[in-house]
Amino acid sequence: MRRIPPLFRLAVLGSAASVLLTGCLGSSDSGSGDQDTSRNADAKKVELVIGANSVKGGKNAAGAEFTEDVLIPKFVEAQKAKGVDVTVKFQGDGSDDEVYKQKLALGLSNKTGPDLINVDGIWVGEFAQAGYLKPLSDTVGDAAKVDGWDGWKQIPDSVQQLGMFDGKRYGVPGGTDGRVLYFNKKLFAQAGLPADWQPKSWDDVTAAGQALKKLPGVTPIQINAGTAMGEATTMQGILPLLVGTGATINADGKWLGNTPQLRQVLDFYKSIYGTGLGDPVLQREAKGRDKSFAQFAANKIGILLEGDYFWRSVVEPKAGVAKMADRDTAVGYALIPANRPGGGVKGQDFVSMSGGGATAINPNTKFPQQAWELLEFMNSAEMVKAGLNGAAKITQRTDVNAEVLAGDPMLNFVATKVLPLTQYRPGLAEYPRVSAALQQATADVIGGKSTDAAAKGYQTAVEAAAGSKDKVTSN
Amino acid sequence: MATPPESVPVPPVPGRPARVRGPAQDVAGLGIGRAVGFLAPALLLIGAFLVFPAIWTIYIGITNYRLTGVEAVSPSIVGLSNYTRALNDALFHNALWLTLLFVLGSAIIGQNILGFALAWTMRRARPAVRRTVEALVLLAWILPSTVVAYLWIAFFDRDTGTLNSILGTQGTAWLIDYPMVCLVLFNTWRGTAFSMMLYSSALQAVPPSQLESARMVGASGWQTLRDIVFPHIRGHVLTNTLLISLWTANDFSPFLLTKGGPNHESETVPVYIYNVALQGGELGYSSAISFLLLIANLLVALLYLRLLRRRS
Amino acid sequence: MTPAFVVRRIGFYTVICAITLFFAVPMLWIASAPFDASPGLGVRWPDWTLENFRKTLSHPYALHSMVNSLLICITTAVAVTAFAALASYALSRVRIPGRDALLYGLLLLSSVVTGTAAMVPIFVMMFQLGLIDSRFGVALVMTGGLLPAAIFILKDFVDAVPKSYEESARVFGASTLQILRDVVLPVARPGLATILVWAFVNSWGNFLVPFLLIRSIDKQPGAVLLQTFTDEGGSANLSVIPVFSLLFSIPVVVLYLLVNSRYGFRFHGGIKS
Amino acid sequence: MAGIDIEGLATVYPNGVRAVDGLDLTVADGEFFALLGPSGCGKTTLLRTIAGLESATEGTVRIDSADVTRLEPGKRGVAMVFQDYALFPHMTVSENITYPLKVRRVAPSTRAEVAERTSGELSLHGLLERRPGQLSGGQQQRVALARAIASEGKVLLLDEPLSNLDARLRLEARTFLKKLQKDLGITTVFVTHDQAEALALADRIAVMQDGKLRQLGSPREVFARPSNTFVANFIGSTPMNLVPGVVSASSIDGRPVDGGSNGSAVGAVSLAGGSLPAATASAPAGAEVTVGIRPEYLTLSTRDVSGPSLRGSVVVAENLGTMSLVSVDCDGTLIGVTVPEEDEPAPGTPVVLTASAQRVLLYDKESGELLARQPAVVG
């Protein structure tokens, strides 16, 4: 045989590969737009897959258990009654959200993946921009059918934003949440603070912190900061403060840059961590948030900005991560004040941030009509209630909330008092980088940089994230 | 009883000048054709799962490709702007510096010296002692990295961590206050086994007579190492240092311990690449940095080759 | 015994003890936490219980994932060993044109970070090949990643095998196949065993590749499952993690002990150019 | 059994080194043949080319008259013992010995017989189930020999067969090897760098240098009449005296000194301040030559003698067992001479050295080739 040097072979292989690889980068064909939306509408044998970042025995186990043990059998049964043989599989994952997102994106970009996809509300925009997701009415093909679903009426408009992008519905939101200031009533009593504490401004918060500071071994205030906690810093820290200055992170298509509002937020951070009101080390730990839970439960943190999840799952007396047997008497909660009364977004006195997931239909599904049916079914009052499995939790549906939250004053408080005030993050592709820039800015001020320097660094980072100066407001 | 095979006279091959084609040149009579065949499966897999992705990475390094968002559908070629960005990126500089520290501290100094010291002392230690120590060192090397990460998080834990219990320094957040020191310790622990094994086999090649004559002339331990042992194992030292340096520079396990934190203080280049790609979603930029790391690897390997040549 | 000698001995054993402790102490957690009624991050004398084991073993995917890990990693280790053996033998014994360049190329590749971005083309390729959600596919990708370093290390072993073994067999009329089967393979066994363990260990901990390429959780290996052990709040589930970590480490340790007792686990080293 | 014919053989390595450089050689059937030379002389390459482990660049190798130049090693009918014996460490002695038969798919029962018989011939009784690692050096060597013999090759090739043994064992093994070869009568070529080994074992010796043949002959011939200074230097346990000299007279007193039975002219050569008789037929008077004379062939005397002689005083004497090697300073040149130990003179003693003419060899000063082309005196 003729001798072919292996290096030459490699080169051939490589050039063949480089031809192939241009095919890997975004194709211009943006999906199933030209596909027949009524495909397989009358199929008698249907297979659907539900994908979510939850798994039995692991992350968000309850969600996986409900889907596999209740939702799917019920749906199969209901379809059987209609003479359709449906098989529904649950494809559960249980890893970090970013990795899960990469996996979804890889599948969707290759026009594959589960038929129903559970996504975080803030991914909807970037997935839509990438053409991975289509408006529900496009995928199902029948706007009247989608928009006519009676479930929409039960989902407040602010919550519907979770599944929307550019004014179009891409998915049906799952439950939502709200953020409040928690405080330890026992410590408050020791510090001579009222049990029905409700600060009206940031100064009220720091004043309470000063009082708590006198107690030995107590961290007065915990407001998440730094890069180690990732999105927890943004959601349980910067953004609730930012809306308290009257600004939102993205308004009129522009990202918030180095503005007085941002500097106010950073100054507030500085006033807490620079004066010993907060524990700067906790902010830097990868597991800092879990630590803060444990410390709060151990009566070592006075005031903590957290979501309702903290009440439901962390200090919950029976199954919580950091159980507090006396939660109902010892843990107080208050609305997050704007920096001064009336200073919040839309002139509000009090503010909050919310988040949550949505379920979308994979545009490449073989069975768009049946997928929509499953999506409807999944979000019916009956299933949403069943999904709670007796637990009290804020769902997307007001009718269900009214029923299940009656027994829990805290969650009722969130559903009725916080949700009307709340804001959602923009579901744009640039958001994660902006969020990272915000976290970085807090890390900088806690680390000792001046507010101005940190804000300048933030401005640069946001400009890079947004792609141009024009897309950033600053003054 | 079989008779030996008959020798068959072979007619001379016409038209073949000077070099007569004899039996295959290699020891097993493999021949180049079959040798290439032996290589083929490995090269195919390497080509498909390493070379091809690597080329792809180089290509998207000049685009603004992302996994989601507009750039996922229509990425555009941005030329070298990812590279110019890297040159001005303070976080990338920081990552490079930390990687350098990490390699210097844990590989070139930590694993190398500890590995050699173990190989040297264990030569004459009692078999029971040697087996125990070697087993522990190797265990640290073979445990799955996910498990090892938990071990060290537990070891360094601020509240109940083993280190704090030993030192009586409850409340010291080692991973926060001294992240790089922790990573260097961790990686030394993790990787010393390789150096130890490599040096153990290298030391067997040092003639005992030379060691004895060094002792006869009254050379100190250090002089013996410098004058007798080191010249013998110089090649091994170079090879070992190169391998562990490359592996350490590209090691992702720091992420499992500190995720690059606090505030980028332990964000080595591989961790930075991961964070840029996943948290930031910027596959284009992360690919450009990957390529820069590859170039750095190449330079180190070339330096090594030069050193090795100088030896011979 | 001179005093200096005694001092040296004492110093020697002190250093040995320190090194032993350095390597042993971090491992104590996996020895104590699995048996502790309230396992935490930290080592203490456990409040003995086997409850954690019960919990872990009743986990819906724990045992499954171990079987998956074994399937994937045995396939990977065998494939790496077989292909690396063939390649390193050819590289060691035959003067293939461009051999040295190839070797250094392999060395570089052995450490290359293709990372997250590289998973995109790999995913596309596996998707086109229909190997998504296939444990075999995962093994294939891992094999490709481990081969360069394996070839490099194994070539060192083969270089150290005296060529006279093969020459001798050849003179006695053995065919190439017979030489490989009767002489090279048995003589190279310690090296092959070392590579086998090495490849197994390295694929055992791999998380990203199986996570992205496998869809069904019941096909995921232990390394992926270990990441999913969080409780409802999203924090690490410490009643399952220590036990699973312990169980997850056993196959690796057992394989190592087996190989070590039979062949001795070792490396050569030194690139002969 | 078979002879080996080598014609114009050259083996060139890829780097251009001509390890074997145009060699012609014939090994007779049943002959015990040594390839001798310093390391790097190409002797091992030649052996390996005969075996087929290196391929010849030019020329032909014939075994038993058949051209095997381009045959696979296994098809040439050769058996080989390697310097390191190349015993397969994972096989027992018995498996090692019968491996060549296993390769040829000989039935296991036959193999067992061969193992039994061959091990008997080589005194390996009771070792058949051991592994090579459990054997002594000498035993390993005999296993390697047994394996080669069991393969029933027409030609036996041995690469430095004794070099891995310690001195005492080596002598034993040497005797054993010689006897074995005579008993089997198999054509045997062995490579060695040890001239004593070659002299002791071989029927004929080929001395090689730089890939070329420098002398071919019986042990006596290469010892007594090295055909060039290279061989002269290489052969012999005590180095041959090689001293510059000038042919001073084509005859002495007009008659042969002694031993000139073949009628060749005997003259004298002057060296080291004196002169010695020499066969000077091929060297005219006044020619500058290198005079070679073995220490064993010089006679030392403390009394004055007539005729051509060298005079000097004893510098040092080294004990060689039954003999002593005495270094004599003759006009500034050190000349070695062996004497029975009882005749060893004290240092400082003035002595006279004489030799017979046919022991005094004259070499060309430039080329180092032996000048006198007369037939050897010894037989």
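Per-chain residue numbering starts at 1, and chain names A, B, C and D are given in the order in which the chains are listed.
To be clear about the criterion, a residue touches a chain if its C-beta (ideal position, glycine included) is under 8 Å from a C-beta of that chain, and two chains touch if they have at least 3 such contacts.
Note that this is a predicted model, so its numbers are computed, not measured.
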Q: Count the smallest number of chain-to-chain hops linking chain A with chain D, moving only between touching chains.
A: 2
Q) Across the interfaces C-D and B-C, which one involves more C-beta pairs in contact? A) B-C
Q. If you take the mean of the Cα atoms for each chain, which one ends up farthest from chain D?
A. A
Q. Centre to centre, by mean C-alpha position, how many angstrom separate chain C and chain D?
A. 55
(Q) Averaging over Cα atoms per chain, report the distance between chain B and chain C in Å. (A) 14
Q) In whole angstrom, how far does the Cα centroid of chain A sit from the Cα centroid of chain C? A) 38
Q: Provide the C-alpha centroid distance between chain B and chain D, rounded to the nearest whole angstrom.
A: 52
Q) Of all residues in chain D, which are in touch with two or more distinct other chains? A) 52-53, 72-75, 104, 151
Q: Provide the list of chain C residues touching at least two other chains, using ranges where the numbers run on.
A: 95-96, 116, 119-121, 167, 170, 173, 175, 227
**Q.** Contacts with two or more other chains, residues of chain A listed in rising order
**A.** 3, 6, 10, 21, 24, 99, 102, 106, 287
Q | Interface residues, chain D side, partner chain C - complex | A | 14, 48, 51-53, 72-75, 78-80, 82-86, 88-91, 99-100, 102-104, 147, 151, 157
Q | chain A - residues contacting chain C, complex | A | 3, 5-8, 10, 21, 23-24, 55-62, 89, 91-96, 99, 102-103, 106, 110, 112, 114, 287, 290, 293, 309, 313-314, 319-321
(Q) Quick check on the complex: what are the chain C residues that touch chain B? (A) 12, 15-16, 19-20, 22-30, 33, 40-44, 83-84, 86-87, 89-91, 93-96, 104, 106-122, 125, 140-141, 143-145, 147-148, 151, 163, 166-167, 170, 173, 175-176, 179-180, 184, 197, 201, 204-205, 207, 223, 226-227, 241-242, 245, 248-249, 252-253, 256, 265-271, 273
Q. Which chain B residues qualify as touching chain A in the complex?
A. 32-33, 36, 39, 43-44, 47, 51-52, 55-56, 59-60, 63, 65-75, 153, 158-159, 173, 175-177, 258-259, 261-264, 278-282
Q: Mind listing the chain A positions that touch chain B in their complex?
A: 1, 3-4, 6, 9-10, 13-14, 17-18, 20-22, 24-28, 30, 98-99, 101-102, 105-106, 109, 123, 125-127, 129-132, 226-228, 230, 281, 283-287, 291, 428-430, 432-433, 436, 440, 443-444, 447
